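What follows is a pair of complexes built around chain A, which joins chain B in one and chain C in the other.
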Partner chain A sequence: MIEHLDLTMVNWARAQFALTALYHWIFVPLTLGITWIIAYYHSIYYKTGNEEWKRLTRFWMRLFAVNFAIGVATGIILEFEFGTNWSNYSWMVGDIFGAPLAIEGLFAFFIEATFFAVMFFGWDRVSRRFHLFSTWMVAVGTNLSAVWILVANAWMQHPVGQQFNPDKARFEMTNFKEVVFSPVSVSKFTHTTSSSMVLAAMFIISISSWYLLKGRHQVMARRSIVVASVFAFLASVFVIFTGDQSAYAVAQKQPMKLAACEGLCRGEEGAELIAFGIFNGDKKIGDDNKPCVFKVGIPKVLSFLANRSFKSFVPGVKDMVFGNPAQGVMGAGEKIAMGKKALAALADYKAKSRAGDDVGAEAALAIFEANQKYLGYGYLEKPEDAAPPIALSFYSFHFMVILGTLFPLVALAFLVFAWRDTLADHKWLLRLGTIMFFLSMIAHWLGWIVAEVGRQPWAIQDLLPVTVARSNLTAGTVQTTFFLFLALFTILLIAEVGIMLKQIAIGPEEG
Partner chain B sequence: MIGNLEYSTLQGLWWLLCSVVGAVFLFLNFVQGGQSLLWTVARTGEEKSLIINSLGLKWELTFTSLVVFGGALFAAFPKFYATSFGGAYWVWIIILFTFIVQAVSYEFRNKPRNLLGEKGYELFLLINGTLGILLIGAAVGTFYTGSNFQLSQYNLVTWTSPLRGLEAAFNVFNVFMGVFLVFNARTLGAMYLLNNVDCTGMPELEKRLRNAAMTNFLISLPFLLYVLVSLLLMKGFEVQEAGSVAMVSHKYLANLLANPILLVLLLAGLVLVIWGVWKSARSDSTRGIWFGGAGTVLVGLVVLLLPAFNNTPFYPSKVDLASSLTIHNASSSKFTLTVMTYVALFIPLILAYIAYVWRAMAGRRINLDDVNNEEAY
Partner chain C sequence: MPARTRSHSWFIRTIRFYRDGLRSMTLGRSLWLVIAIKLVIIFGILKFFFFPDFLGTRFNTEQERADFVLEQLTQPPSSSHSGGAQDD
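Right after this comes the complex of A and B.
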């Protein structure tokens, strides 16, 4: 089906997608979370009529606007990159994947685009009530956008509600409800939006802490922190819960990803959860080296998190690559054989259909259908190709979890001291507060790496590897656009950071 | 009811819906037109700020309609999405670049420490308003002139021109289509600004805007006439009874005659644009944009519908006629189109709140007070 794989091109296309997604992910979580907090600030102003709350609301809106613009700029490229760099993907799964993107545009982007202008320019143009409504609608719109893009992403991780059409050589949707409400999409949405809320609250805490340390805009900073720390605490506790749900969904639907994240090379019953570890760089899949040179583990907890049973068996990377018949785990080698049978039968089916050999075509189709569950494995060369980069997944996952554990503690400390009005006496906390935004940003990136690197080599889990999803482009073409994007986004990022820092230095308008 | 619709009806309906979004996008290109007018119409910093802030209220609508146009095509006609974006790579990448730089320009332009300075972001807006629209026009032109691609038996695309889509910009018809869109956008931009900017105390700006509406319309005319006459005379792509594709003389004229409603829409659209320009340039009216906008939507609809119906491939291949895309062979499955049609029932609601907000915000025109507050662009 794919005669000449250009792996170099695929890797550049991968790098380009990673680059644009990473840049996009600098701005989007902040947008997702901060819109709710701004709407809350705006509501307090609406209710109290206190000008201080208005100044505060306008100040955070201004920072949000700078961030929002560049989020939009980096977002458009992601949508169209599916077509430009991953055209085979677009054709093969566009029937399913395109729908959430279109719905995102219709339902979410128009809300954002329409009410964004009212939110910023509506202070003296529309009624106070409609202005407040518009601010809330921006929050609704941005988060609706997250719903649909995460539905699309979740479908790539857990492709339900579809079937392969051999005549058209593509996957087609058969159940929209399954696509929208798959367990992976629900856990992805709740985990992503709640962690975005944490990040946005930490953004406000970081800047407000800096103001308090400098003795500037103290009333605004304290008020901002009171609200933000409540949001941060509640959201970060919820993140732990949604993280557990997310991990459970991964364990059930993408066990290879879970094994890579946990560095679980050989499966075991009553598997331990590694709280912290140093991965063994010499470790190869299937050898006898220990996966970690140092680790702090919690016995049986991984089994509980993965299957809700302390004694259950959790498959390791080796089991899924080479098979473990005793535990009923099929190896990638066997799946590759079935996948190759499916691909050969598909080619046979198409040839016989063209030749008008209906009986032969039907026989080929029967073979295809018997093996199509592992269609994607047919493109892999060896069983080891079915495993993602383990060390990167392992470290990303663990550092994300460590940071995620820190956030509720810091948020609680801010909440308590802000409540007692003693924040100024705890300089150590304010200093810690100034870096919390960066730590939460790192946690977000790590989460993104866990989600996307951990599912390699698949564009669509088990059905379509990344190497097949690509466009028919030369490596040089994609390389050129990679560096163009890198240069452009870096320039825009520098501009954005410069503007942000200046706006923070200026602070809110004086009353 | 939707569940009982024929597959071919759904395919036609979705091409119509995509065309409506595309046509509305062409109307909303008044933002791009205004951006390119910035360099000729605005003479002072205040005038420039008024124009930027007026366009700034609407730029996101244009941007969003482009994104929705792309999303709708992806959902309804994934083979077109895969073939065109993956094949005509460079033309789409350049278009996207012009929209990326546009998206930040409004917000960054007048902010201190913005790295590139005001002029840098104004240049971005100019590039988006000219090159971006020109290339979109050239890409639309390929619906009539064809592209250089072949599809494998698995529908995977191979582009046969090393220019990867940029070759469209070397075809006179495509370029003239693009140039027409650029000047039409400028005409609309001038009419929109007349409607949205409070020119009280600035008669010179108002005069320049009225002149710009007429001048840009007159410049666009020869390009429009060339495109229209070519459409009537050129050979076109036709799907034959056996399913093969062949070149047929006067195909698009035949399509127009076979769908008289398109002919009516085209004529009505042209009359509305002319009326809008006339009102803007030769009277005190500020309502020309509504006529010009409606006219542009109608003309845009015809341009997008004409190459898609009456056994016509909307995205023909010049190098392999059999690979040409029709709304029937490029569409999503019946199930997906049905689901999307249910979703499309919400479109009137979306249009209603956009119209409501537009009206609410248009209650007072942009004036100098607006450009001096802290949120101003």
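Right after this comes the complex of A and C.
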């Protein structure tokens, strides 16, 4: 079968997946984070019996319901895309992803069918204690159901607990615990859920700030801000900690991604962390141009973040592309040679198995197993292909970090002025507060761009590049659905924003 | 009260809980409408017309699918930026 790989198809399929995922991710973090804050508001009402807290809780529940209704099932489209656009990948990971995604589906269904209903319908219909319990269970359940999709994503970044079955062309799970508790998986879950809490708290701060600027629902807005700013501050400090854990995991398991995010083209001992910089657009891998035309660096900090040692060597993109024997870094060229051996052995194994040559098949399998660690490199044409888009990774990472540093400061300012009851005197802060939700959303999106663009060219790290993961389709087919989605998502987003703005304009029910 | 009557009563109460909750919805009615329209579009149109299961619709057995993917892995398409149709 002689075919021509349509790179345009791959790029359209990637663009479509990115569009769907970014759209889906408008709703998910708000759902994950706001349920905790609503549960806390509900707890205050439960403890005080103050009707104002009940109105407040019901108001934020209403906005949560709008977000949930518009967002629900948008993730299913991603699964459709797997089956249609990424069928090779979908087939190969079916055994790994089947269990986590099935658990997520079942878990989400039962949580939604039981505790969601009690949370929304339970006012004065069930005991106050059970009602509060249900609200907390919604928070616990939605966050736990997110575990599984994050585990699946983490496995693509760090494919552990698996064995490739050459007869079925499938990665088969050999160790469930290893898959669920891999360092990438744990840091991804903690970083995602804590940053979702920041986003949800900023959502509340944004709307409440707007109310205060307009002089409406002031008691509710101030109370909402007090709790939300505590959540935002604690969660954003925790995000810095989980971000560090995540970066450490990336440094250990995906060093190329770390190097791209930091614009570290040539590895060094005592590497500096670039706090801010402008990437040199003329920079090519391996040339002598400086990676940044301007930068503000913090000496030795990158080495510490990557290896917990200020003096340690952090490999750069060039080291990993062309190799650095002095530092024990294998180059992509060597890995490509091993990958090609693995692919040739796999083809040989298949041919000999079909011919009934068991001895020959066993010998081919042994060669495959010795080289399969770098299977995906066998599809790369040149060592430079192993590097991700550096400028996009660099800017996404740095703007995410800058925003992540801003959040605890803004949250702290809100907390202090709310505590002193002087928020109304600080109009600049309230104006800043109204845009904090959007800045948080941008930080989330940038985080996903770092995670997904930074690991290119891989669909599964080192094992399967995106160019082989795709289906054998034409670009036109994917283009059609891309624009269809763009239209659908735009309509849905307009619907959400419309309903949400209407509910915000109505405000909490009058007591 | 006999156990059967108790469980019957619990079941009725649950049904009533959901029924009364659904009836008392105001904003919820609009949201359910949005969800229903969305599910019809996603499953009735997108899935049906635009997102067939590539391997599921072309092959009948798991082994055929495995063989096809293995072939794709071991004889990957040659790289080109053509953007034209595939030789199927």
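The rule is short, and it goes like this: the second predicted complex is superposed on the first by the 503 of 511 C-alpha atoms of A that agree within 3 Å, B and C clash if a C-alpha of one lies under 4 Å from a C-alpha of the other, contacts with A are read in each partner's own complex, and residues count from 1 in each chain.
Here, a residue touches a chain if its C-beta (ideal position, glycine included) is under 8 Å from a C-beta of that chain, and two chains touch if they have at least 3 such contacts.
Because the structure is predicted, anything quoted here is derived from the model rather than measured.
**Q** Report for A:170: first if it touches chain B alone, second if chain C alone, otherwise both or neither.
**A** It touches chain B and chain C both.
**Q** Which touches a greater number of chain A residues, chain B or chain C?
**A** Larger number of chain A residues touched: B.
**Q** Determine, under the contact definition given at the top, whether A:120 touches first (chain B), second (chain C), both, or neither.
**A** Both partners.
**Q** Which partner does A:373 contact after superposing on A: first (chain B), second (chain C), both, neither?
**A** Touch status of A:373: no partner.
**Q** Could you tell me if A:222 is touching chain B, chain C, both of them or neither one (first, second, both, neither)?
**A** In the superposition, A:222 touches no partner, neither chain B nor chain C.
**Q** Just to be sure I read the superposition right, which of the two partners does A:266 touch: chain B = first, chain C = second, or both, or neither?
**A** neither
**Q** Give one of first, second, both or neither to describe whether A:295 is in contact with chain B, with chain C, with both, or with none.
**A** neither
**Q** Just chain B (first), just chain C (second), both, or neither: which does A:509 touch?
**A** A:509: touches chain B, not chain C.
**Q** I'd like to know which partner A:343 touches here: chain B for first, chain C for second, both or neither.
**A** So A:343 only meets chain C here.
**Q** Touching A:62, do we find chain B (first), chain C (second), both, or neither?
**A** So A:62 meets both chain B and chain C here.
**Q** From the superposed pair, tell me which chain A residues show up as contacts to chain B and also as contacts to chain C.
**A** In chain A, positions 1-2, 62, 65-66, 69-70, 72-73, 76-77, 80, 83-85, 87-88, 90-91, 117, 120-121, 125-126, 168-170, 350, 471-473, 481, 484, 488, 492, 495, 499, 503 sit in both the chain B and chain C interfaces.
**Q** Under the touch definition given earlier, write down the residues of chain B that touch chain A in their complex.
**A** Interface residues on chain B, with respect to chain A: 56-58, 60-61, 63-64, 66-68, 70-72, 74-76, 78-79, 81-87, 89, 92-93, 96-97, 99-101, 103-104, 106-108, 111-116, 153-159, 164, 332-333, 335-336, 339-340, 343-344, 346-347, 350, 353-354, 357, 360-361, 363-364, 370, 373-375.
**Q** In their shared complex, at which residues does chain A touch chain C?
**A** Contacts found on chain A: 1-9, 62, 65-66, 69-70, 72-73, 76-77, 80-81, 83-85, 87-88, 90-92, 117, 120-121, 125-126, 166-170, 343, 346-347, 350, 379, 381, 467-468, 471-475, 480-481, 484, 488, 492, 495, 499, 503.
**Q** Applying the document's contact rule, which stretches of chain C touch chain A when the two form their complex?
**A** Touch residues, chain C against chain A: 17-18, 20-22, 24, 27-28, 30-32, 34-35, 38-39, 41-42, 46-47, 50-56, 62, 65-67, 69-88.
**Q** With touch defined as at the start, can you tell me which chain A residues reach chain B in the complex?
**A** 1-2, 58, 61-62, 65-66, 68-70, 72-74, 76-77, 79-80, 82-91, 94-99, 101-107, 109-118, 120-123, 125-126, 130, 134, 165, 168-170, 172-174, 176, 350, 354, 471-473, 477, 481, 484, 488, 491-492, 494-496, 498-499, 501-503, 506, 509
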